[in-house]
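See below for the structure under consideration.
Labels run A, B, C and D following the written order; every chain starts at residue 1.
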């Protein structure tokens, strides 16, 4: 069964409780560009994004992720997606073009990991903003980079995404357990990554910025606004991916990462980099301890009907129990 | 005769032809903070400046510099200034407190070089903006750093400022001629510098930014706005001062420099760094040629009565005739 | 006729006159990593490169480019290359594995534009250096990014590379003429670009660095060493590609670019950005004039027998005749 | 009684247990320049330092700080120092010129806080390295910025340094207690700062770097070398001073800070910035918790005879008991 030909992670829909508050955080502070808006929704993108949006913020009864969306190569991949998930007995729905502004016909599925995933091929191209330096604010985000999802069984998640044609760039592991994995379709370290834990939940959305001073700048701005509690972890250098990062929490607690650096993974024999779970540099190359909430808190997933997905407990040893950092206490 | 005890270069008044257009350039694009405004004037400062302003933009019949102002240690230094200039037969005027918003009583003089110079001791301290990263825009200017003035005789200018107690940090010279000199009161490379040419004219105002990416950013913003003609020279690394710079021209042609890096000069035996006029790195450490207009164009100076100062011709060999860069053609 | 499935620009061989002098420039100053060396050759790479090399420096009777090399997906693409070029009556040679250290079996051809081009699928993976920050020096180059070649007919070059499956990202043009074009296989702005002029010649090799301060740093280092004549143009922001750049000349006059920023081009409907030749921002987003030598000087190409290729005159209007910058004088 | 006219913090002598190991850390990794060396000592400086050294590393029986040294304006200030401390009944010793390489005649005292402090006026000026970018490595340190010392009574320390003519730039306080204070002679935020705790001990030496990417770079290098345990706290933005920082521990546990940004404090009416001890941004503007060891560990002080000073217990409420961060647990 041929999977849909996925190009890249494209956008996510987050359910938020107060759109004005979310607009303040994502638009005024972080500096995302608004492509369009509706009374109950904002469509946002980074300055390098050439399609309609990287993020939909939609009001709803409780914070959640409505869906994550991958762009596929062609319309034929929508039927491929229906067949691929149908053969596995999973629910799928065809979504007419125009249901989502800027997005053509789509297929939404409930995937084997419990996430609602959309596939679409056609996208609108609004005004190019790449060189509108005059409009850049805040973190000067360029584009969506990846989805990081919480799954009870990382090895199963890896196998499922491998069946979708994703390559593996890096792992955290020991002889018994695959604690985390990073997988890609586009030629970067990842489009999707897995964090072990009770799932399905969305761990974070990763957004790319071009230089490290942009990561520092958004922290400085949050400090100015007495919004330092929005900074959860970092800034720091990841061991995995070698990227410079900071993790923020939005007003509903949704986690995002501002992420810079990364590397090219497009060669067909791209070698996997495997990190020992005992290497204190795997999560932070400088050995700074991970903040406990980073391991434990995450965003509820909605099913195709918009109802919260029940959580399945983590099936494997928790990384924080065996790793060199994290709770109960920092390693240093 | 004891000179006034000068603390530092403090502010300049530029005469502009269209305050809206100047506001666009200095406030909206460059990102200066507005401390206060009047129908015909704007009072601007950088984010680290703790006194009222670094720059007054005032409308007038033709572009000019009204005055450059130094802060002095105490009120007694105003009388010292009157005596110092009076003994040289130069005009001086006592300006009552409040004549300039945020500035106490002042003395204005016509100095031996033909510039209108103000001395003041008392200054208002408006809201501290240093950590208002949320308000920073454009070049994120921190403070005024220096005045660069065009004088027909650089050696005479050096001797005059030496008599005011300024230290010498760097020069451009050969056996016959002092082509340029950098002098300081505060513990940086300069508060004032001299460029040889027909004078008196103001060559540029130098403003300090904290990091080089802020210099690059203002260039990117100007490109976005199709305002690339406001970029006259650079960015580049100065040989003299070791600072990273860009020179811009405002809508009236006034030149400013965004300047970062610099070094400490506070030791009493601070050694002078003397550059040969034949070293192609003196003006740009990377050997990039100076743009001809940078040597030839500058801002008219007003006298105490607000009338343009006539120009005296350059008394010395022009740097561009002997130097390794500049017109008629680049050195490479 | 199916072309070989090209993955990316991989490496170039430059013929140099003095290997010690070249080692000083490329290794000691620029900071390239040496994977291996022979009495007459050095094999160099950037810190993110996971295969054997991005650059071979080999001694020879006169400065030239021996070949540019693209990595292809699989061994079968070598036969595809032989067939593709054979059908066009062009010379091709099969090169046994091991002829070039770290590179498997290859096919070399004389392409329709007059360049010697190598295709290879298999590559050795030496020690991963991505996180060896302790070894980084100079420009901290990450990897090869692109080849820029001088061709007499840019439209013909575009059509040829289109037939090889390259996508088009940006152009410089007017109604009559295609002055320059940027084309890609990997998901960046380009693997190859065309500059109009007498050809075939190699205009430059483009190397990627992660941040702009690394571009500034190599200029500062060259200034320190009185090697400022190695800096030909820049640093600056490109209009085309939006990258921050500097062009350097090595001791033999070979041109290289240190290039940072870039953007993702992997979507199947990636839109072309077309720049008017009259936009002064196309070559430098800040409007700085291009240095004349940048348009006129380039590296001789060797044929399959190692003999210099004769030059064919430019078949189209020169960009500098119609563009807003360049000689005879800067545009400002 | 007139105090000596102190210009600035100049250098410190650290006693280390293994000079080779210290050379690896300070010279090979951090990149300090070596001005001169002896079998048992290294004399190091940053690239902007124009005098002989900012740091002496000397082997000795146990890790300690031998002295901290201030440069004074003139030779007459040595006698002023003898008189100033003699009048307080404190020990002072005249040290002949040449006893310390590159330093003229000096006076060493045991100050009221229990520190051994040296005053000197004359200093040798070795080769200027400011623009030797080719020699820069590691953190590319520019110069010493400040001493941070641990004292049992911060208010008493403040009063003593006030009597020495130091200005006050910032504090951490509440209605009852002065928890920390920053004081300056040169025109930066500080030459000396006080941390409450058992004392006398040296909390850290602060070294200035020009840009934030240099702070990130030294962390990356330490990660590469598996030396991440040398990174104690940060990187982060200070609330106090607004500087970007990282705290490192050398092989003997001596703490140093790489510090960038800072601001001008040279105006005679420079306003004090007072931080509430309850503001979670005072120690880290992004609200990141202080690492406990940062509050508790510090370097032993030697007296004039080279014997360790006994510790006096902290006389005031500990900042970590009332502040919003620190142990027993992070504030978030």
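As a working rule, a residue touches a chain if its C-beta (ideal position, glycine included) is under 8 Å from a C-beta of that chain, and two chains touch if they have at least 3 such contacts.
Note that the coordinates shown come from a computational prediction; the quantities given were computed from them, not determined experimentally.
J.: Averaging each chain's C-alpha atoms to get its centre, pick out the one most distant from subunit C.
T.: D
J.: If you tally contacting C-beta pairs, which comes out ahead, B-D or C-D? Let me know.
T.: Spelling it out, more C-beta pairs touch across B-D than across the other pair.
J.: Take the average of all CA coordinates in subunit B, do the same for subunit C, and state the distance between these two points in whole angstrom.
T.: Here subunit B and subunit C have centroids separated by 43 Å.
J.: Centre to centre, by mean C-alpha position, how many angstrom separate subunit C and subunit D?
T.: Chain centroid spacing, subunit C to subunit D, equals 49 Å.
J.: Can you give the whole-Å distance between the Cα centres of subunit B and subunit D?
T.: 34
J.: For subunit A, jot down the residues that touch at least 2 other chains.
T.: In subunit A, the residues touching two or more other chains are 131, 211-213, 220, 223, 239, 285.
J.: Sort out for me which residues of subunit A touch subunit B in the complex.
T.: Residue positions touching the partner: 29, 131-135, 211, 213, 217, 220-221, 223-225.
J.: For the complex, give me every residue of subunit B touching subunit D.
T.: 7-8, 48, 50-51, 71, 73-74, 123, 125, 128, 130-131, 142-143, 186-187, 210-212, 239, 242, 261, 263-264, 266-271, 273, 285
J.: Enumerate the contact residues on subunit A facing subunit D in the complex.
T.: Touch list, subunit A to subunit D: 212-213, 216, 219-220, 222-223, 226, 228-229, 231-232, 235, 237, 239, 244, 280-281, 285-288, 291, 293, 330, 332.
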